[in-house]
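I have placed the structure first, in the form of structure tokens, so that the comments after it can refer back to it.
Note that the chains take the letters A, B, C and D in the order they are written out, and that residue 1 is the start of every chain.
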Amino acid sequence: MKNIKALVVGAAGYAGGELVRLLLQHPAAGIFGLAGHGNAGRRLDEVSPWFRGLLPDGVEYIETLDLDRAAGADVAFLALPAGISAETAAELLRRGVKVIDLGADFRFKDAAVYEQWYKKPHARPEMLEQACYGLPELWRQEVAGASLVGNPGCYPTSVQLALAPLLRAGLADLSQPVIADCKSGITGAGRKEQQHLLFCEANDSINPYGVAGHRHTPEIEQGLSRLADEPASVLFTPHLTPMSRGILSTIYVRLRRPVGQAELRRLWQDFYADEYFVRLLPEEVWPHTKWVAGSNFCDLNLKLDERTGLLVVCAAIDNIVKGAAGQAVQNMNLMFGLPETMGLTQIPMMP
Amino acid sequence: MKNIKALVVGAAGYAGGELVRLLLQHPAAGIFGLAGHGNAGRRLDEVSPWFRGLLPDGVEYIETLDLDRAAGADVAFLALPAGISAETAAELLRRGVKVIDLGADFRFKDAAVYEQWYKKPHARPEMLEQACYGLPELWRQEVAGASLVGNPGCYPTSVQLALAPLLRAGLADLSQPVIADCKSGITGAGRKEQQHLLFCEANDSINPYGVAGHRHTPEIEQGLSRLADEPASVLFTPHLTPMSRGILSTIYVRLRRPVGQAELRRLWQDFYADEYFVRLLPEEVWPHTKWVAGSNFCDLNLKLDERTGLLVVCAAIDNIVKGAAGQAVQNMNLMFGLPETMGLTQIPMMP
Amino acid sequence: MKNIKALVVGAAGYAGGELVRLLLQHPAAGIFGLAGHGNAGRRLDEVSPWFRGLLPDGVEYIETLDLDRAAGADVAFLALPAGISAETAAELLRRGVKVIDLGADFRFKDAAVYEQWYKKPHARPEMLEQACYGLPELWRQEVAGASLVGNPGCYPTSVQLALAPLLRAGLADLSQPVIADCKSGITGAGRKEQQHLLFCEANDSINPYGVAGHRHTPEIEQGLSRLADEPASVLFTPHLTPMSRGILSTIYVRLRRPVGQAELRRLWQDFYADEYFVRLLPEEVWPHTKWVAGSNFCDLNLKLDERTGLLVVCAAIDNIVKGAAGQAVQNMNLMFGLPETMGLTQIPMMP
Amino acid sequence: MKNIKALVVGAAGYAGGELVRLLLQHPAAGIFGLAGHGNAGRRLDEVSPWFRGLLPDGVEYIETLDLDRAAGADVAFLALPAGISAETAAELLRRGVKVIDLGADFRFKDAAVYEQWYKKPHARPEMLEQACYGLPELWRQEVAGASLVGNPGCYPTSVQLALAPLLRAGLADLSQPVIADCKSGITGAGRKEQQHLLFCEANDSINPYGVAGHRHTPEIEQGLSRLADEPASVLFTPHLTPMSRGILSTIYVRLRRPVGQAELRRLWQDFYADEYFVRLLPEEVWPHTKWVAGSNFCDLNLKLDERTGLLVVCAAIDNIVKGAAGQAVQNMNLMFGLPETMGLTQIPMMP
């Protein structure tokens, strides 16, 4: 029954752990192996004890990635620090393993943009063309035929889903920058032993970071431009919020011409009418990150500010599900011809 | 496929919401109806917006309980304030509906104990005999044949699972009181608009409450006495802990005769060897409530303090899953001859 | 020594409690009495037990406001729900008591603006002229001579302090709306027994509210317009953030003409060079709300986004200190000719 | 005015930072210098940015400890990892600097106990005799005359203050172990970059640690034995609680002879009648850690469980104030003949 053999690289991190959680519940995909560097040789349930008793026989240990053994997998999820995915992906593809990369290496169409923002040469620029940007609600057809998917960043997922109906309808005035003020739970920073991520530093406090310089900026711009079919510029401000999971994006955009609130709402309603994972909330009910926790949902709402003529769109996702592991599994489902929601129907866990 | 029709009474509360979450994912049981008083007439996804898009057609609204309509259900879960379940249960049983009561009305064998602690006469003392105490790991056979189950309290579940191996082996010295120092997440207090449950009152703070007088005391004593087949007395101190879910119970008990750490560990290991939902952690790995969040697991560990001769046993559960809704579904599975873990294999959600 | 007799009306709320905390530590002002409605007749240290042992003799009880007894006070702080301050203030002033109103009744110059946003007639429009808007860093001289001060709202305090240097310098392009994306701790919503303020509803989650319609919008617009001496329009989005205290405002504004980052920094540096309570952080060190917790500080930083030409300014305050009680005491100091920082030199409490 | 020159060693940690916070507000003691190893050469307000603008001229930098320069200080506070204080203290004392050590090196009367629990030889066993155990409410006279003070551990402070009235009255039955079940905020673990202290690991979760083996056990036993003048044994279980500050200790003790609740209450009342920092709460009002946050208070309450004959005593302190830096300043006040509460009258910061 579990016909698809999936390899998780970077299993000890938060996104990696979430991949394990989702794959353990997936009807058609099983975990073929767990890999990682920092924790190679240790049991996953030692590093992440909540998995005790749940790992299938033979996949208890995190191993150093062995490409030849990995060749036995059907698909590999790479949850690795920025920059080291490209080479691994190339080797896996060469061995017939499809690759879904949760890092940034395959998100850009233009290697120059990557190099400018990530401050290093791209290891495999020639692969960018074959890579597909894996945001299924927007680019489903491409994903279905892909062998290599660049899984979108968490912030960019929320901003693109929030604005897609407006951009596709050509109603955004992109002569002005879009402003994306985004608030992320602390898993977004990874499972790193850094002082600013300690409980006592982050608890009961909020702060911006990477102001006017965060690397997700060009990914958002590329996405919005493609949706609108014209260049978009974005001012993106991320914030570290005292919660474990979740991203809330509050987005400000100018309209090309006057459109009423009712018409705008209809636009979103129609655009997402058949999308299981996108929920437009009723008027004046605003997304709460916890209402999507643990699920692959993206909750949306919007309001036209008649006084200033600006449109406010809010989107909430679980950053490590729809913003990482869940979307990766959704991509896998498409790549292997499975129902898109398979294994992704977890109900949000609230409270 | 969803053959069993389940009615959820008290759907707007935290335990009720968790029942909905679990039943929506259950392969064999479907939600037949939602009832409640405070919120009757409202959509559940208005009161609990995280359920948006997830409720089956026809069960979107919370209704005032109509016994004749309820007769169409196979089983009713009652998540009601203490004291008002008994009458409802009697009426439902009379109509052929099996009842799993998440309140205290059917947890006691002796109405006098109930009346002493709950300060009111029991509405249906004659029903206590037919009621089964639904802690499946300990009383599985009884549950399987029952039509009326008193679902255990959250604190008592954790304490009984923690001590059962020792008590059944006759190794606890019950001439001394057992001390149960228990820490609960704030969902344990219910979804009530009370000042001490406000975020700003409870955040970043811990406090005891109901010291030497909490109503779960006699339930724990009844359970431990039954396991040991001799009277047990318990000093139980609950604490309100700044977290949404989870109970951690730290229990201190004297041994009847000297037993070594290794032998004690083996006792627990053997006792729970075939229990899917109970996980004995490795030596010196102590339960964390978040490691069981959203799951029906009970994580345990123990250590003999050689200096004082006391045994310390720690248990962690999710108070609204294994401590309420999850255990209720586990009981339902048994009552209807389904595999006990059906619909209850959620992986803990950590972080 | 404690010559100034201060009356606290609304002592049982969060802002009222903070006034008590600050006045107990103030060298020159003592608490003359505690008043309130909901809790009249109860001891303050019963309602707010952390004050046990700290209240001066004779001021332990919260009393129904008695205007004739209140006449014995030198100053009254009104921390009351919106709309019921105006009448009380009039009566107190008539009896020679100076008034600092922490509500909205005396924040507006134009009663029509108040009436439009607060949806009711202003009880005492004729008093607006004599009322002073108590933001000392901006309007110190006026405060010094005032008998009636409208204490600014928490959000407006942070936004005005953030933008004042730019606006006074005439460098903001106000033909475009200013965008203020603000995140508040949950004390901002008051000590109200409402479901959305329960720990389990708010914990580990963030959400916007009052989008494009919050009542602090016109107060911010009035403040910015006055600073710039031209009409400013603002799109203000508040968010409920899972922390007890603090406001972080992230503000986006267009410049009238190209100005470099260094010149902008100098502008803020010079503007606040002599202000004890405003701290401009070093380049790339961004305000954290916890870094000002319990103190009257406002931490600021700014960055020009060269790509879009927009300026981002971030401000953090403790919403119930600089955003309410602390600023009120600062105003009192000015009104009574005391050193402005007296009783307000608490060090931030971090962690 | 600030006549006493105080040196803070370990200023970059949480206890060190709290010493800085308290000394900055102290009327008679000023900060002479800041020392530390890990962060030597950095500004304190770079490592702990909340101190920006608050450090006196000349003491902005954390320096490597220079003993000869340190000789200019009147008193040194050592907030260092266990084991490296003893040598430093010896050198400082030799140079005429009084020493208050916040570590464990001078808490024990018997070097053998230290060596058994801390698993290493004591560097200066000959100094133990001259060292005074600095718990002023219990050993005030000794502290007043001391040059070297071992500042008590956070957990032991709470447990000793909780039980002192009973022990001094000879009413505890110490033939049975005392059980101390203690819950600590995460600052208790220090400012260390360790995985289990990350926000996402500790948030929304509670866990025991160091069960039946924590190093504060012998310190508690020594303290209780001294108070009772007979050997006491303790079973101590610490827990990591998802809050920044605070310790709540729930303590279970058997009485030597039957004593009623009223008489017991009177015992505590009388014992602490003149103690500013100890607050006995009213019947059935239980300590909340947040109610003492940022203050030097210890809140207490107790209840006799008539069913089991056991007495439950609960104590709450701020672990880095009364449990560390505040108590250290209290000791300094005594050592220098200042009023004991000087600089320690901060009101708890709640919420």
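Definition applied: contacts are C-beta pairs under 8 Å (C-beta built on N, C-alpha and C of every residue); 3 or more make two chains touch, one makes a residue touch a chain.
These numbers were taken from a predicted model, which means no experiment stands behind them.
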Higher-contact pair (C-beta pairs counted), A-D versus B-D: B-D
Of all other chains, the one whose Cα centre sits farthest from subunit C: B
Euclidean distance of C-alpha centroids - subunit A vs subunit D, Å: 46
CA centroid of subunit A to CA centroid of subunit B, Å: 36
Mean-CA-position distance for subunit D and subunit B (Å): 39
Of all residues in subunit B, the ones touching two or more other chains: 14, 185, 187, 200-201, 203-204, 242-245, 288, 290-291, 293, 351
Interfacial residue positions of subunit D with respect to subunit B in the complex: 177, 179, 181, 183, 185, 200-201, 203-209, 211-212, 233-235, 237, 239, 241-246, 248, 250, 252, 286-291, 293, 303-308, 310, 312, 314, 316, 351
Interface residues, subunit D side, partner subunit A - complex: 14, 185-187, 191-195, 197-204, 242-244
Subunit A partner contacts - residues on subunit B that touch it in the complex: 14, 17, 21, 24-25, 48-54, 187, 203-204, 244-245, 276, 279, 281, 285, 288, 290-294, 297, 299, 345-351
